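Presented sequentially are two complexes of subunit A, the first with subunit B as partner and the second with subunit C.
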Partner chain A sequence: MTLKDLDKGQVTRRRVLAASGIGLGAAVLSPMPLRYALAQSKPYRIGSEQPLTGVAALGGKTALVGLQMAVDRINKAGGILGRAVELIVADDESKPDSGRRKVEKLVTEDNIDAHVGGYLSNICLACVPVFTENQVVNMISVCLDTTLTTSKCNKYTFRPYDFAPSQAKAFAPHLVNKMGKRWFIAYADYSWGQSTRDAYANEIKGNGGSVVGTLGIPLGTADMTPFLSKISGDFDGLFLIFFGPDSINFVNQGTDLGLRKKYKWAGDGAVAVASQLPALGDKIEGFVGVDRYVPVFDPPLDTPYLHAFYDEAVERLKKAGLENAAPDRYVQSNFEAMNALKLGIEKSKFQGRADSEKLIAALEGLEMKESADFPTGDKLLRKEDHQAFVRETIFEMREGKYHLLDTIPWQKSEVPPACTFA
Partner chain B sequence: MQWLHAVPWDLLLIQTINGIVTGMILALVASGLTLIFGIMDVVNFAHGEFLMLGAYIAVLTIVATHNFWLALIIASLGTGLIGALVYVTTLRPLLGRDPLTTILATFGVSLVLQNYALWQFGPVARKIPEPFSGSITLFHLDYSLYRLMIAGLSAAIIGGFWLFLKFGTWGIWIRATTQDRIMAQAMGIPVPWVLAGVFAIGSAMAGASGVLFGPLVGVDHAMGFDWILRAFIVVVVGGMGSLGGSVLAAIFISLLEAYSSLWVSPAQAGIISFVVLILTLLFRPTGLFVATPK
Partner chain C sequence: MRDRQPLVFWTGFAIIVALLIASPLVLPPFWARFVTEILIWGLLAMSSDILIGYTGMVSFGHSAFFGLGMYGAAFVLLETKPPSLWAALAAGLLAAAAAAAFVAYFSTRLREIYFAITTLIFSQIFYIVIFTWTELTGGENGLTFSRPALAIPGLFSLRFTPMVLHWFVLAIVVLSYLLLRRITQSPFGMVLQSIRENEARTRAIGYPIERYKMVAVMLSGLFAGLAGVLYALQNQFAAPNFVFFVLSGEVVIYNVIGGIGTLVGPILGAAFFLLLREGLSRFFTEYYLIPVGLMFIAMVIFMPQGLLGFARRWLNR
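Take a look at the complex of A and B:
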């Protein structure tokens, strides 16, 4: 049946049905290469649940910048296995119920092939069952709740960046040996803050220090004074586990109450991520933190990969309305999580959700080498718990800038697996 | 007398000051809310967003002028103007209808304003610098003078507003409209203008509280949320529409929470305000600080 046939008026319903039948039969019975070629026209549908509104909107926006940057680079280079990547983003509104609803839609209506995303730990925890029930590989990209890869680990869930126990193992020797023996921990009172508190308390004690007290502050508390007024006593350092507006509130109000003058301040890198430095002003001066990525180029971080990542991310952040913002760990981990998924897809020849088992096998034990795709360095995605270990960076804030104090290779941040897959 | 020794007097004094300072900020937010409800019967769910807009206007003004006090005035006037515009375009056509329609309308305005701020200013929190630094030593704490000033200034704004209501021509019109809108109109009071003015004043008070509280927190699109929930509790406990009731309820609830946090976690102390709210609704629905209707 050609265009000429059409001109001659020889197209009948019977001929069309016959031709269609032959075509369909050929497609079903044809060998793999042809089917593979047919599938090539269909992009990989990658879902991403991110907090684009609500308390975590800032982090969600920067996270999306990193993810989009990875997807654009992949598509520009010809896609994965010749197929483009289509990103389908859902706003979880920083709420677990909304997050779960949006993820259910991504999985059941949008038919995503895999997922890269998740920012707030309570939302990640709420969504894990959805991915498991539907057998969708879930590359979380920001959530730091420890249990995601320990007591609540799951064969479909991967964390291709660090978590609190490994950060604590890398940072605790510095805290105890160089800053002080006695610590007080203040934390965001929800899953991430609680599990991070436990990890640091263990490591500080394990390194010969002590934790004299802890204080949980609920997420989104605007006036923290009643909480901060209770922080008193004889200790050397105040360890902070906060992110976003909560870290801004703590640093501002804690400084106003003189806590910065009395104690040394250290904490999770989320307290001083680049995107919120303008709101912290000079009150973050002297803070010592640990992070998987900080925008600093002191050796050994003066690599062409980190420079290229930084330059492109800055441009993209500017276009996203984040003027003068340097990339933070949320940009970085989303960028690298998407690239880790790409590596797994290539290795397993993953074609769609039916191949999830093959993708899981490829991701287990995945080694990522320092490159343009993984600018923060080599890392390993461990088979036993789907947890990655990465180089940790210890920094100090001076004159509004990050100053590198130390880097800890990923091998020294490794902790034993504590996961049993169901 | 053994128990007297068990009382942590230093913490008690600190928490008293904390309670009064927080109570005065809350009173400033709540008095705008109660004013709008008392006169217009509108439960304004967008009130927190006016607080946020006030803070953003202050950020822009400070960038241009480096003057906190000018920013406070401009932000109050600016949010007042925006409040009047919102009233005229959105709420005026709905007055007199089922209260649910105005609740839904203000909820919609709240979402629009919040997302507008996110789009216009981005998600990065901005900073309002304190107009002055300095602190006094209060036992183990250095208590910021600015926090004390917020309490004083909030009291001054509320006091000034009370005088305006008591003695100003517009204040008398507002009180007359509160008592009987139809009679006020019959007496020649320009009720539509009074209503627009009330919404503007309520919004301006929210804007002013956003500026005053701004230096203690980052200014972002969601900053009004935490305050608005507590302000609603204060308005209900104080008696909806009662300015004095709101001020007393704000201080009462803040002090209760502050004292409770001496013995329990401050997070658990926050539950106290909800308990007070439920008890008020059950046993004195007109509010704790207004006379019982005869």
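Take a look at the complex of A and C:
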């Protein structure tokens, strides 16, 4: 059957069926380059489970800004291996049951090729079996729980940013040698706070300091006065492990009770993330923290990559309705997690879920170099536990702004692996 | 006409069970799994109907019973090698029953809002203990574990594929329904309904009200715990969120939507609520709770007897 036949009106059912059969057969038996080209026309389907409602909604929306920014940049540059990236977002409602259900949908119904996301650690942990059963690579982008890459590590789970033990290793020498030998740790009394407390207590002791006491405050405690009154005695510094409203409450109420005048304050970077600086006001003055990213441009962080990342992220945060927010570590880790996946896909020539093993092999030991894709510097995604080690930034809050005190290269934040893949 | 009623009921029952048996064979994997989940939430809702619908006691403690069933099973699945399904089931039921007995002892002396508040406080106590006792419960992160095999030692051992799990859950939910139906139609069930209608008069007749209420709370807690065990089996994790009182609130919503005092109604309510939430979330991403809330308000106003009550009225018309 030719176009000429069609013109003559000689189209019969038999001829149409025959032509279709020939076409289908040709497609199946066609040489590899053509099939490859056909496959290339399909976008990579990347799923992302984020908390867009519920208690972590603000953080989830901020995280999504970073992820969308990376996807848009990739698509603008021609996609990955010539294929566009389609981002499929699911709201986990900040609840593990919903998160699990939404991830099931992403994996079984939306047929995602890989996943980048996860904000709350309990949801990240709850979803691990779904990715494992369906052999989908899961690039987590915010979840901090230590066990994700230690006791509960998993072949399909990758964490392309830091965790408490590596932050503690990077920060402890500064705490002990430059701020004081004797420390008191106050922490949010739940799993993240507890595991972070243990990591810092170990490292402070390991560097010749001592921890004279610890105090756990239940999550969501509005009136912290009864707890804060227990913080007294002879020590040099108060180390804080809080985030969100708890850190705002602690800083405000602790300052009112005179703790800031009495002791030096240091803590996890989550205490002073950019998005909550307006609420902390001048009470966060003098706080020394550690983080993988803070919006500061003191040398050596005065790089064109960090400037470009900051400028674009600020614009996008504004568009997302987060007017006064500067990009924080959640924007950064989502941005870089997507770029790490891109690098892995390029390296492995990953075409879809069937190639997950190849993608895992490419991601294991992946070295990321400081660039527009990885503005926060060089990093390594370790093969043994799928945990990344990144450059850490030690900063001090002065006049409502971050001031760089030191940067610690990723090599000095590396801790021994504690993972056995099943 | 009256003679035909059981026939109609059992025919309808058989058709629904047959459809549920066939569902994993015909539905796509996501929806097949979703039906299994609906059955589990339906069992939880049905368990609370014993109190809300039959005894007239609104409980906000069901999240604790559900959660403790889940954690009881989780501990056993983590500790036994190889993990045993039946030990997990027994541990979950035991944990939920013990918690229900404890709550019942203190709360059944109270009535109406005071009973509801007491159960809420108890569920919050359990929640805080689970949330902060990280060494044992995993704290906020909860516990993750492997799924055991469906096995009877020496007889057979079957891997829990999604399909096998669905049929296992369905069998337990159907048996639970039949058992609860029998209980609610028994003299014991009649006394519970009498308490709901007029507690003072029931006491005057000579029934030990507190004892009946205690048994009702324990029975209800036991089935809530069973739902918790099934959820743990399906999802391979236990988390403190399931012990938080908000879950109890959702269970009350399932009852109200479906129709209280019917056993089937709460299952229907759970299915309707979960499907509605799933459907709307696909169109309104993060704003879907607004139409869900509006629809719930409309249902309370225009269908106070729930979906089942509305259906009955419509059929009788």
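In the analysis below, the second predicted complex is superposed on the first by the 407 of 422 C-alpha atoms of A that agree within 3 Å, B and C clash if a C-alpha of one lies under 4 Å from a C-alpha of the other, contacts with A are read in each partner's own complex, and residues count from 1 in each chain.
By our rule, a residue touches a chain if its C-beta (ideal position, glycine included) is under 8 Å from a C-beta of that chain, and two chains touch if they have at least 3 such contacts.
Quick caveat: nothing in here was measured; it's all calculated off a predicted structure.
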Should subunit B and subunit C be called a clash or a fit once both complexes are overlaid on subunit A?
clash
Who does A:S229 touch here: subunit B (first), subunit C (second), both, or neither?
first
By the touch definition at the top of the document, which applies to A:T147: first (subunit B), second (subunit C), both, or neither?
second
Check the residue A:D256 against both partner chains and state whether it touches subunit B (first), subunit C (second), both, or neither.
first
Which partner, subunit B or subunit C, is in contact with more residues of subunit A?
B
After lining up the shared chain so the two structures overlap, which partner does A:K105 touch, if you call subunit B first and subunit C second: first, second, both or neither?
second
Go through the superposed model and pick first if A:A114 touches only subunit B, second if only subunit C, both, or neither.
neither
Partner chain(s) touched by A:A57 [first = subunit B, second = subunit C, both, neither]:
both
So, does A:Q276 touch the first partner subunit B, the second partner subunit C, both, or neither?
first
Which partner chains sit in contact with A:V128 here, subunit B, subunit C, both or neither? Use first/second/both/neither.
second
Looking at the overlay, does A:L219 come into contact with subunit B only (first), subunit C only (second), both, or neither?
second
Superposed model, subunit C segment overlapping subunit B, candidates 19-27, 55-63 or 109-117
109-117
Intersection of the subunit A residues that touch subunit B with those that touch subunit C
53, 57, 189, 216, 218
Per the touch rule above, subunit A residues touching subunit B in the complex are 53-55, 57-58, 60-61, 189, 216-218, 220-223, 225-227, 229-230, 232, 245, 248-249, 252-253, 256-258, 261-262, 275-276, 278-281, 320-323, 325
Under the touch definition given earlier, write down the residues of subunit B that touch subunit A in their complex.
11, 14-15, 18, 21-22, 25, 114-115, 118-119, 122-127, 129, 135, 137, 140-144, 146-147, 213, 215-223, 225-227, 257-258, 261, 265-267, 269-270
Going by the contact rule set out above, which residues of subunit C touch subunit A in the complex?
28-30, 33-34, 37, 128, 131-132, 134, 138-142, 144, 235-237, 239-242, 278, 281, 285-286, 289
Subunit A contacts subunit C in the complex at 52-53, 57, 89, 91, 95-97, 100-101, 104-105, 108-109, 121-122, 125-126, 128-129, 145, 147, 152, 189-192, 194, 216, 218-219
